Every structure is written in structure tokens, then in C-alpha cells.
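Some structures to go through are shown next.
Below, chain A partners chain B and then partners chain C, in two separate complexes.
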Partner chain A sequence: MNWKIRRIGQAVFTVLAVLTLSFVMIRMMPGNPVDAFVARVGPQLENPQEAYERAETYMNINPQEPMHIAYVNYMADMIQGDMGRSMSQNAPVAAIMAEAIPWTLFVMSWAVFLGFAVGISLGALMAYWEGSKFDSALTGYATTITSIPFYVLALFLLMTLGYQLGWFPTGGRRPEGVAVGFNLPFMMGIIYHATLPVLSMFVASGAASLTMRGNSVRVLGEDYLRVARLRGLSDRTIAIRYVARNAILPMYTGLMIAIGTMFGGAVVLEEIFSYRGMGYYMIQAVRARDYPLMMGTFTVITIAVVIALLIADLTYGKIDPRAGSEDREAF
Partner chain B sequence: MKRSDDDDRRAGDSIDEFVPARPAESSGGSAGDGAAETVRSDGGTVGSGSPFETTSSTEETRGDRVRRFLDEFVRTPWSILRDDWRALVGFVIVSVYVLMGTVGVYLVETTSPAAGPKLVGAFQSSEFPLGTTSAGKDILSLTVHSTPSIMIMMTSGAVFTVVVGTLFGVVTGYKGGLVDTALSTITDVFINIPGLPLVIVLATLLEEWINNPVTLGVLLAIAAWAGLARAIRSQVLTIRSESFVESARAMDLSTRWILSREIVPHLMPYIVVNMVNAARRVIFAAVALYFLGVLPFSDANWGVMLNNAYNAGALYRPSAYHWLLVPMIAISGIALGLILLAQSLDRVFNPRVRARHQNTGDGERLEPDTEDDAKDMMNV
Partner chain C sequence: MTLSRSDASTARPADDVVIELRDTSVEYGMDRGTSKVLNEVDFEVQRDEIVGVIGESGSGKSMFASAMLDAVPEPGVTTGEVIYRPEDGEPVSVTDLSKEELRRFRWEEVSMVFQGAMSSFNPVMDIRTHFVETLSAHDYDVDRGIERARELLSDLYLDPDRMLDSYPHELSGGMKQRVLIALSLVLEPEVLVMDEPTAALDLLMQRSIVSLLEEIKEKHDLTIVFITHDLPLVADLADRLAVLYAFEFAEVGPSEDILENPAHPYTRALLNATPNLSAPLEEMRPIEGESPDPVNIPDGCSYHPRCPLSDEQCVESDPGPYDAGPEHDVHCHHWEQSVEDIDVAFAETDERAFTSAAEKAVDEPLVSLSDVEVTFGSENDGWLDFGEDETVSAVDGVSLDVYENDVLVLVGESGCGKTTLGKTAVGLQRPTGGSIEYRQRDIWEGSGGTSSLADEEIRRALQIVHQDPGSSLNSHQRVRTILEQPLKRWHPELDGNDRRERILGMLEYVGITPPEDYVERYPHQLSGGEQQRIALIRTMLINPDLILADEAVSALDVSLRVGMMDLMIELQDAFDTSFLFISHDLSNARYLAEKTGGRIGVMYLGRLVEVGSAERIIQNPQHPYTKALRWATPELGEEAREDPPIRTIDIPDAQDPPSGCRYHTRCPEAREVCTTESPEFVDVGDETQIQRSACFRALDEHPYWQSDPIADDS
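Let's turn to the complex of A and B:
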């Protein structure tokens, strides 16, 4: 219980640290966006005072306030969900984010889930037939696919399956001319549009399958497995309760780190497929030097990852009873 | 691993010193010698020299040391690598890239717009083996001249990741207590921040500082060190209560000594393999950022090539496919080389494989020869 409270506290601390970091970067660095904004907009306005007010609307920071007061106000605004106003989209950042988040979550959760499911199954099969032709062929495949960056695979898939063969849409996130809602054509349409981005993330399955293979081979050599065989347990029980469980457990940390990597990867992927999620808006913001939107997307992506990792950590104790207790002597 | 090997070998060489040399005259058991001898509780006798004070009868010469060094760092790895096709392929691929970045730059001239006709396909003319871009630039030249900056970026990023990651991981894992809590909190914050977005934000805001491959490599590593730090921390947690660390602590050696001379050498294999993997991730991230057009660039670069080709519509123009495919192959190629290298380095450091290749002199097989043998032994 104590451990859970500490873990939640750590997540909150991370979010506050990221918000502080973003304040430092947009307000305190030399040549920071706030000063630059005032210097650019100020001369164009009749009333120079208005430049400060605009800075406050867009970036939640009034340059005239002393640093510590500006910091407290900024943090208070951000925590209440007011992330300023986007200059390029001319809309509140929070509204843009609220509209974009579900799409990114949809694509990325599918990518993480399918990537790991495929990786774990392949790895288990490779370990089962260890040393066979099947094993070496799949090991070769996994090594090769790991060496391809996901965006290169994305470009390749888009080029072949998207443009050449025309099997999949080359951009966008939902079908045209279909009523939005819980109806079958719309549901099928968004899955259809998400196929290529999800497939691109399949590169992650290569690394996962190699790890799974290694873990399973190690577990297969353990003494408790011999005991299980001697007890006359069925192969099925041994495979699922003994081998799979103990081989997958160590990969949980890897899965957690993969969540972070994949949400980061969304930035590149959504840009390639013109998939209007958080990452897409982030790149648009960077191109337009729209700092409020850029920092907004960054904060939201970070919070999404923090929450995902928090859930993963809190549920880990449920699967692995050994986790959670860590009392060590200090020297 | 290396250190304990050393100790073992030293113990093996000078085993004589642990056997008390019994003086020839003492066998008679005369009364005169009895004074010099103390009878131990187990019935044995200890001569005038305590075994802990006797020095080895054979001194290790400089030649011995050189031979041992060669055996450990050159012959054994070489012997392992020779048998492993992965190592061979990995080394060849990485060497090709290194040659491309060093010698190739002098062999292939730089290119300029309108150096040739527009969009010549790959393998169509001998003058432009990999074809040209829509501006008439030679793609081979662009690819070759991108290599040095990519290599520098990769090295600086990998070194930074490994140094910071190892420092944090070893200190937090070994020290425990308040130091662990403080440093682990920093590590956890960085693990939680998604890497690519962080680098994009930093690159946009710190545009003026990021003007050369070295700083860019360091920037890219900011997002990568934390994962390594946590992995190393858990490795250190398993070895911090090993007997060799405990005895070093009992001997009151300083923490710095224990960390740098006992723990880090023990983790060296792990660190080296991770460094190669970090290099791969740095390249992936760098090319992604150049492809997105987020980073300022002045010269040719695989990511910039991808970006230009993408913007020129190479995705749906078959005449421009080669422009997109060449950088794609260049990135995947070096990544494949690095992966194979990491896998084979893993083998070089694997004690079981090492023992098989080590020149032990007696030619006896102490360890099971292969994984299969090991399994056979267990199934007996």
C-alpha cells in the first residue's frame, strides 16, 4: 500500500517536473519564446501593453510578472487544463488536444498490443523448436526487422501498399462521407485507416520475439521445470503456467519502455500518414513555431506515457507476487 | 567477469605458495627444530614463513603480462569471432560504413545541383551509379558525404548515453539509501518522458546551441540514458552482495575503488553491448528528426535526403523511388551491422563460450561445449 502511494506520488512529481521544465524553456532561457514574441508583436501594436496581454493569453505567461509569480500562475493554469491558445490553429490548445488524443491512443494501443502479442507468440514458437530451421529462419527475420526503423518501414508500406497497389488509404484517419458514431461502416473505416500505421510499428515485434525466445530457453533449463515434468503435469499446463508465465514476466519492464518509445514514435508516424493525432499537431506546431501548441502536445504526450507506465507498474504486483518489496541495506 | 578470471588464474599459477614448504631437515623431527615449528590445531605445521607472506617463486615478467593481455583481449575474442558468421557480417558492414566515412569522402567528389541530368535511375549510368535527385545531384555522393557526420553523432550519442547511464546506474544500485532515492527519482522522471518528443522540443528551443554533430548526439542521448541507468542499477543490485564486493568492503576500500575497480569491470560486457545498441537508437532518432525537418541542417544527410525525396513526391513517383530507397537502405544497413555486432559481442563476453576458446594449455574440456551438451548433462 505504501509502495503504491509512493509510485503515484512519483508520477505526479514527474508531471510537475515536466511542466517546470517547459516553463524554464519558454520563459527563462536566453532568447526564449516569450521574449521573442513580445519583441516581434510589440512594435506592430499601437498599445505596447497589449503585447504582454497577448503573451499571457497564448502562453499563460505574463512577461511583466516577476519570475516566481509567473511560475506559480503558469503551473496553476496548466494544472487546471488551460494550456494557452494555439497561434497557428487559432483555437485553445486544450480543445485541439481533446480532439486529437483518442486517435493517437487508438492507433498506439493497437500497435503496442499487436506488436507484443505477435512477438511473444513467435518467440515462444522459436524456443519450442529451438535449433531447428524454423528457429534460425525466424531469428534471422527478427534480427533483420529490428534493424529497420519504424518510419522507414512506414514509408515503404505507404509506397507499396498505399500508392502502388492502392490497398490502403495513404492518409487521413477516418472514411469520407460516413456518419460519425458507433456504426459498422465508420468503425471498419477507422480500422482500415489505422492499418498501415499499426503495421509499421510491427518492427517492435522483432525485438520482443528475440527476448521472449531467450527467456523461454532459459526457463526451459530451470530445475523447477524438471520437477514439474516429474510430477506428471500436462504439457499444456507446463507451457502456459510454467514457461510462458516466467518468460513473459521479465519482459514487462521492456513493454513499459516500449510504451514510451511508441508514443514518441507517434510523432513521426502520424506525420507520414497525415494522421491527425497529437504527434501530427506537434510537428505542425514546430514548423509554425507555434510554441503554446508545441508545449501543449509535449505535455499531453508525456502525461499519457506517465499514466500508462503508472497503470503498468501498479498492475505488475498482481502478476508477479515478488514485486514491490525492496528493502535493502544502504552503504 | 574479467577481474575474477584474473584472480583465478593468479591463484592457479602460484598454487605452490599455499602449500607450506617443509624444510628438509624438519622431517627428522629433532628437538632443535621443534622450537621453530608451531603445531596447528589440525595437526599440520606451519614453517617459518606464513603462507600469506611468502611471495611467488616465479615472477611474472613483462613478456608474461603481454602474452596474457594478448590472450585475453585479442586471441580469445578473435577465436570466438572467427567461428561466428554474425560477427563477421557485422564487422564487415560496420567497416564498410567506417571506410565510407573516412576514405570514401576523399574518393567520391562532392556534388552540386545540376551536376547531372534530373532523376537518373539507379544502376543506369556509370557516372551516377545510384542515380540523381530531381535537382540533378549525385545520390552516391550525397550518401557517402552524409556518413562522417552520422558517425560522429552516433559516437558522441552512444558515449554520452553509456557514461551517464553507467554512472547513475552503478551509484544508485550500489549506494542505496538517500543517494539511491534522489538519483533514481531523476532517472524515473527521464524514463517517463517520451524520448522523441522531448528531443524535438529541445531541438526547437535550443536551436542556436545545436550546430554540430557532437552536441546533436548528446541531445539525442538525453532521451536514452535513463533506460540504461535503470537496467544497470538492477544488474548492480544482484552483484552488490557477491562475495568479492563484500570482501572489498571488508578491506575498507573506498566506494570509488569498489565501483570503478570491482563493479564496473564486472559489468563491462553488458555496458559494451548496450553502447552498440545506444548507437543504433541515436542514428534512428537523428534520421527521424532530419526527416521531419525539425533539425537545422547545412550539409547532406540521410534524413535530409529522405525528407527531400518525400517532399518531391517520391512515394508515388516510380521515377524517384531510388532517391527514397537509397537512404532507407543506408540506415537499415548500418543498424543491421550494429545489431549483429552487439549479438556477437555478447558471445565474446559470454564466459561459457570464452572458456571453450581460451588457451588453457591442458586442453581439457572443463565446460560443456554447447548449449545442447549442457542440456544433455541435465537430462541424464
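Let's turn to the complex of A and C:
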């Protein structure tokens, strides 16, 4: 129990640290965006005082306030979900995020889910036929695909399936001229638009299948498997409750970490496919020197990773009874 | 020499055979040729007997076990006949069963407990699920089955509720082993095959389990096949003993007969090589040579390359079973000669005068530990750490002196802190309390907060030989390079030639010949025994004053152990070093300590409870715990086996050790005062023999004698 509280405390601490860091970067570094903003905008305004107010709207920081008060206000705003206002999009950052995040989540969760599902199934089959032609062929394939960076694959898919063959759209995230909502054409349409980005993230399946293969082979050699066979358990029970469960368990944390890192991948991928998700806005923000939006996406991604890891840690104990208790048999 | 070859197996009275092996072989196809890991053996298991099968590693004993259930691991192939005769009903040919029939046969008729008991359970399922699964896979009534499981668990001195609700990792090794035995009996099989079931456990636990087996066997009408490398362990349990050598049986017969009149040269050699507590040390002899490779089993008698009696006949023809007494078969052409000559063949005495521990004790100590404490685990550390205090005290206030040219052997169950104490003594573990002095200098002086010693000289003086020699040698370096390093570092005055001479000399000294050939090898080209010797030489070349040898012989085969121990003793004497041995085996401890006039120290839950000369600790232990260890060390040919002199089998949790005398939870002599007061060392030695014991019973005057005995709740 205590351990959980401690773990949550750590997560909260990390988030606060990231927010503080963003404050330091925006406000305290020499040549920081707030000062730059005031210096740039101030002279153009009739009332220079207004520059400070604008800085406050956009970046949640009033440069006139003493540092510690500015910090407290900034943190309070951020924690309440007010991430300032984007200059390039001219809309509240929070609103932009709220609109963009579902799309990113949609693509990324599909990519992660499919990647792991395919990887685990392939890995299990490879382990089952360990040493066969099937195994070596797939191992070769998996090793190759793992070593390709996903954005290279993305560009390749975009070139071939998108531009040359024209099977899939080369940009955008939803069909045109279809009513938005839970209707079939719209649903199909968004899946259609998401296909190429999802396929590009498929490279992760290679790594997953190799891990799964290794884990399964290891479990197959465990003593408890031999005992289970001697005990006369059915092949099905052994395959599912003994091999699969023990082989997948160690990958669970990996899955959560993958979800976290996928957000990073989203930045590049959404840019390549002009997919208007969070990553897309992040790049836009960098181009337009839109600090509020940049910091907003940055914090959201960080928090997402922290939360994914927190969930992984907290739920791991539920599925693996060994978690949290160290082995103290020998010292 | 004309010996008639009587067909021994038919000379038997009408017997009630439950499993019969005829011409059974197990083969593995390998690149180098076919590997025959069981070579055409015939064997009969009688109903309701306990038969002990003795074999060293690589004798084919595990294959023998698996063959009885036709459960040889892939891709091994079992040939020949394996016949199972149920009490009522037709004999079953196990090798001809269909997959489904085999699935039912195993565990319902014959079940098996094998070596890997520590990992025999699915780590993500609780124990109850293991029982339920097994019962339902065989269509047994689950409720009745669980009832039986509870009964079995309590017969094995386990708390059924606690066990069933636990996950495997929550149980100690000894508990897991007993739970596995219960699991193997839950379907009421006729036969239980046990392959090294206790090998990974402490002696006290092994012995307790073995003594429970007999009761279990009586209660449940079992036939037990107990396979082990440890002859003394089964000697008094088994009705019959069978000795496996090189994938064949060398000798089979009633236990007493085998122990008192072993007929096969190998059995005789094995008995001589087995360290024990009572036999004169001069009679313990290692067996020369190594077991054969299963790809290349020698023609004729497979023991002939190592046998002192071998002749033409042995090389040419396979020795069939000769009748060496009632129900006693031996596979040796010259068994009669063996009975007469073999002891002579090994007799050879060596006399060496050692200063006894009592005399050494007047000198200045070489290394002196005073009130050493080692605590592991984190206490609360920092403001984000809400965790509770989880510390384990591994060593709790131990004071000990090691003298020049001294040998001290620490014994105790695993988790008693003997390894930690050993490492602390040689500066590999920083104590959390107390001090360690090397020639009156604090060894941690000047090292700041680091975990390594500051003083070069002390670092050189204190060395360790690792438990696993293979892993301590750099696999990318040749033996020459490995051995040159310490010389270069500690003896820079030697030039290349001198170094070479020194290394070759050492190799030759420890019996690695030809040394010129060996220095060019890599560690993986050496056998386990050779690696161990190289590791030992490397340490000796540093010229240390004290060497810590942690379980240095327990990984070796029985037949090699005595040889290795002799070598260490010889080196200790030749190099004038002191040794601190760590062992969980009292017979090894006795061998080492008695031969060198050293001491044995007994540890329990982080404390030293008794220390004394080998003679005293073995012949006249004062502390009740030492007595229990003494009981746990089986004796060859010792008939009377009393009940365990302990009240509970399992060791208390080291995280929460008992108050007062830490042994009071298990001590049969414990009285009320033991639960609150902690006994100090009492000197019970005399001028010639050292012995100190931490128990109130060693004092004539103590409130202990007026205190009430602890009510026994078991």
C-alpha cells in the first residue's frame, strides 16, 4: 500500500518538476520567450503596459510580477488546465490540445495494440516452431523491420501506397464531405486515413515478436513446464496459463513504455502524413515560434508518458503476484 | 579365475514387482555421435519398498528416473521395455501407451518429484490452483482432492491454509519442496520417483524431509524410488540400494549389504570418497579419473579406466550380474577380489603435524572481528520514501579471531549469515557495526565511505576463492594470462621467465599436467575440477594471508570433493596461509577442520552459536543447534535414527528474528528464560581443545534451570 502512495508521489513530483522546468525555460533563461515577447510586441502597442498583459494571456506569466509570485501563478494556471493561448492558431492551447489529442490517441493506440498483438502471436508461433524455416525466416524479417526507423518506413509507404498506387490518402485525418459522427462512412473514412500512419508504427511489432519469442523459449525450458506436463494438464491449459502468461508478463511494462514513446513518434509521423494531431501542432508551433503551444504539447506528452508508466507500475502488481516483494531467500 | 555367471535375477523368491525395466536405453543423437545416457539397464522396483539409486552427476540417474514414466526430455529416445504392474489388473507397457493414456498414467499411477523443485511451480499462480488444476485434469473430485492435499500438507508439517493461499515465491525452498511432494501424492499414485529431491536444500531440511518420507510411505502405501548422489542421505531410509555408474548399474542389493559388504570396486571407492563424521580420515580417498563421456562409453566394463583391478577380461567383456549374496547383484568380473583387495589398494597414510587450534589461540590474531554487525536493506531514505523499514540483519554481533596458519570453517543453514560474515572478514562487505582488524589495524581505515579497502597491503592479504570457479575466470583469457596477472601485480620483481617457471610449477603441483599444454588453454577447455584448481592457484599466487573459500567444494561431484579439499589443505600448509571455509555440510567441515587442526564455527540466524575444534563440535556438541546439525548429517551404517531434535522444521523469518536466544523457536530444550534473554558465549573447552557455546545449558548456575519449559504446541 505504502509503495503505491510512494509511486504516485513520485509521478506527481515528476509532473511538477516538468512544469517548473518549463517555467524556468520560458521565464528565467536569458533571452527567454517572455522577455522576447515583451520586447517585440511592446513597441508596437500604444500602451506598453498591455504587452505585459498579453504575455500573461499567452504564456500565463506576467513579467512584472516578482519571480516567486509569477511562478506560483503559473503553476496554478497550468494545474487547472490553462496552458495559455497559442499565438499562431490564436486559440487557447488547452482547446487545441483537446481537439488534437483524440486523433493522436486513436492512431497511436491502434499502432501499439496491433503491433503488440501481431508481435506476440508471431513470437509465440516462432517459439513453438523454434528452429524451423518459419522461425528463421520470421526472425530475419523481424530483425530487419526492427532496424528500420519508423519514419523511413512511413516515407516509403507514403511514396508507394500513397502517391504511386494511390490506395491511401497522403494526408489529412478524416474524409471530406461526410457527416461527422458515428456513421459508417465517417468511421471507415477515419480508419482509412489512419492506415498509413498505423502501418508505419508497425515496426514495433518486430521487436515485440522477438521479445515474445525469447520469453516463450525461456518459459518452455522452465522446470514448471515440465512438471505441468507430467501432471497431465491439457496442452491448452499449458499453452495459455503457463507459457503465454509467463511470456507476456515481462512485456507488459514494455507495452506501457511503448505507449509513452509513441507520443514522441507521433510528432514525426503526423508531420509526414499531415495528420492534424498533437505532434503536428508541435511542429507547427516550433515553426511559428509559438512558445505557448510548444510548451503545451511538450508538457502534455511528458505527462502522458509519466501516467502511462504509473499505470504500468500500479497495475503490474495485479497481474504478477511477485511484483513488489523482493526475493529474500539468499543473502 | 573362473567365476560362474549365475543368472541372479531369477534366483529370487517370487517377488512383487511394480516397475520393471528390461534392456532400457535412452539415447540422444548429437553431432559427435549417439549419446547413450542410459545403457541397456535391467531393473526391478518391488512394491512397497524404498529403493535408493546412487549416482554421481553424469551417471544417467536422471534419465533412469524419467525413463520410468517415459518422460525423457526431448529429443531423447527411450528404447527397451518399461513395464508397470498395477496391484490389480494387467501389466502395462509404458513405452507403448498412447499420448492420452500416458497423460493419465503419469501422476495417477507413477508420479515424480525432480531436481528443479525450486521452480516447479508456475510463478503467477497460487498453490491451490496447482492442486485444483491437477485434480481436474485427471477428473478427480476437487473437494475431496483438496481435503487430501490438506492432510498431506499437514503430514509434512506445513500449515495447509497458508500454503494453499500462497504464491510460490512466498515460500522457502524447503516449503516448496514439501508442497511439491504433497502435489505429487494428491492423486494417490502407487509409485513416487524422486530425482535428487533435496539437493538444493540445507542438510537439516533434507534430513527432515527424508525422515518424513518414511511416515508418508507407510501411511499412503507408497513405493518410493529415491535417486541421489548423496549415499549417506538415503542409506538408512532405503531398503535396497542401487549404484549407477556410467549409465549402467554397477551394483544392486539390500542397503546393509551394500554398505557393509560392497562388492563393486566403484561402490567401495565411492564409500571411501564420501566425507562423513565418523570414519577415520585416512580412509577417505578421492577416486582418480573422471566419469566417461556418454558418446564414448568404454568397451567391456565401463569402469575399467579408473578401476585398480581391471584386466583383459574387463576390457573385453561386459560384466553381467554376478550373485554376491542374497538379492545382491554386482556387475564386476572380479568382485570377490575387490572385496578382499580394494581397501588395500587405497590405503596410504599421510601424517602431518598441525598445531592445534588451542595452541594457535595464544598468538596474536591475524584477523580479528569484534562485535561485527551487517544489516541489509534500506531504512527510510528521504522525503519521497514512504516505505516501511525493511532491514534484515544478516550478521548480528559476531566476534571471532583468525590466527596465522589457521583454518576456520563456518557452517549453518542458508540465510544464517555465514557467507556475509565470511565476506566481512576479508573486507568484501563493509560491516554496519563493529570492527575488523588485520594485524591490529582497522581494515576500513581511510577508505571513507567507499566499499573497497584503502590499504593495498591489506587488500592483498585478504582474498577469496569463489563458489563457482567457472564464472570467476575470464573466459577470453588463456590460463597463462589469468595466472600472470596476480604475479605482475604483486611480484613486479619477477621477470617473464621467472613468472613462467612459477606458473608451470604451480600447475604441476596441483596435478594439472602437462602444464605447458594447459597454460595455453581457455577456461572453457577445462573441466570443473580444473577450473577450480586454476582459480585456487590464482589466489595463492597473490600470496595472501587469509583466503575465504565459499562453498568451494559443494559444487563438485562426491568423488572429487575429497581430492579438492586435500589440495586446499596441502596448499594452506605449503603457503602458510589461513583459510576461512564456508560450508553447509558438516562432514566437509569436519574433514577440513580435523585434518588441519582447525575450528568449526556454527552460525544460526546471524549469530555464532558455537565454535570449537572439530573433535569437540562433532563428538561433543554442546549447543542444541549443533546437535541438530549433527543429527542432520547422515552417517553411513548408522541404524538408530531418532526423531529430529528440533521442534519446527522451518527457519524463522530473518527479517523478524525471535527475541532472546534466536534458536528458542526450534530448540527442544528451550525454556521460558530463553525467549527473553540472549545467551553469551561460555567457555567449555580445556587446554587442548577449544570450545565455546552460546547456550544457558552450558552454565551450571543459571536461572534457566529454574525456568519453565516452553509449552510445545506441535
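In this section, the second predicted complex is superposed on the first by the 324 of 331 C-alpha atoms of A that agree within 3 Å, B and C clash if a C-alpha of one lies under 4 Å from a C-alpha of the other, contacts with A are read in each partner's own complex, and residues count from 1 in each chain.
To be clear about the criterion, contacts are C-beta pairs under 8 Å (C-beta built on N, C-alpha and C of every residue); 3 or more make two chains touch, one makes a residue touch a chain.
Because the structure is a prediction, the values reported are computed rather than measured.
Undergrad: Return fit or clash for chain B versus chain C, each positioned on chain A through the superposition.
TA: clash
Undergrad: Does chain B (first) or chain C (second) touch A:Tyr242, or do both, or does neither?
TA: After superposing on A, A:Tyr242 lies in contact with chain C but is clear of chain B.
Undergrad: First (chain B), second (chain C), both or neither: which does A:Val267 touch?
TA: First partner only, chain B.
Undergrad: When the two structures are overlaid on chain A, which partner does A:Met282 contact: first (chain B), second (chain C), both, or neither?
TA: first
Undergrad: Report for A:Thr302: first if it touches chain B alone, second if chain C alone, otherwise both or neither.
TA: first
Undergrad: Just to be sure I read the superposition right, which of the two partners does A:Ile148 touch: chain B = first, chain C = second, or both, or neither?
TA: After superposition on chain A, A:Ile148 lies in contact with chain B alone.
Undergrad: Using the touch definition from the top, say if A:Arg226 reaches chain B (first), chain C (second), both or neither.
TA: Both chain B and chain C are touched by A:Arg226.
Undergrad: Can A:Gln10 be said to touch chain B (first), chain C (second), both, or neither?
TA: Both partners.
Undergrad: Is A:Glu46 touching the first partner chain B, the second partner chain C, both, or neither of them?
TA: neither
Undergrad: With both structures fitted on chain A, tell me whether chain B or chain C touches more of chain A's residues.
TA: B
Undergrad: Stretches 527-535, 581-589, 599-607 or 653-661 of chain C: which one clashes with chain B?
TA: 527-535
Undergrad: Where on chain A do the contacts with chain B and the contacts with chain C coincide?
TA: 10, 13, 226, 328-331
Undergrad: Quick check on the complex: what are the chain B residues that touch chain A?
TA: Answer in residue numbers: 174-180, 185, 188-189, 191-198, 200-202, 204-206, 208, 223, 227, 230, 237, 249, 255, 280, 284, 287-288, 291-294, 306, 310, 315-316, 321, 324, 328, 331-333, 335-336, 338-340, 343, 371-372, 374-375, 378.
Undergrad: Along chain A, where are the residues that touch chain C in the complex?
TA: Residues 2-3, 5-6, 9-10, 13, 222-224, 226-234, 237, 241-242, 245-246, 249, 319-322, 325, 327-331.
Undergrad: Along chain A, where are the residues that touch chain B in the complex?
TA: Interface residues on chain A, with respect to chain B: 10-11, 13-14, 17-18, 22, 25-26, 29, 31-33, 131, 143-144, 146-149, 151-152, 155-156, 158-159, 162-163, 170, 217, 221, 226, 253, 257, 260-261, 263-265, 267-268, 271, 279, 282-283, 286-287, 289, 294-295, 297-298, 301-302, 305-306, 309, 328-331.
Undergrad: For the complex, give me every residue of chain C touching chain A.
TA: That would be residues 69, 71, 73, 103-104, 106-108, 111-112, 114-126, 133-134, 137-138, 167, 169-170, 172-173, 180, 183, 376, 384-388, 392, 394, 414-415, 417, 419-420, 654-655 of chain C.
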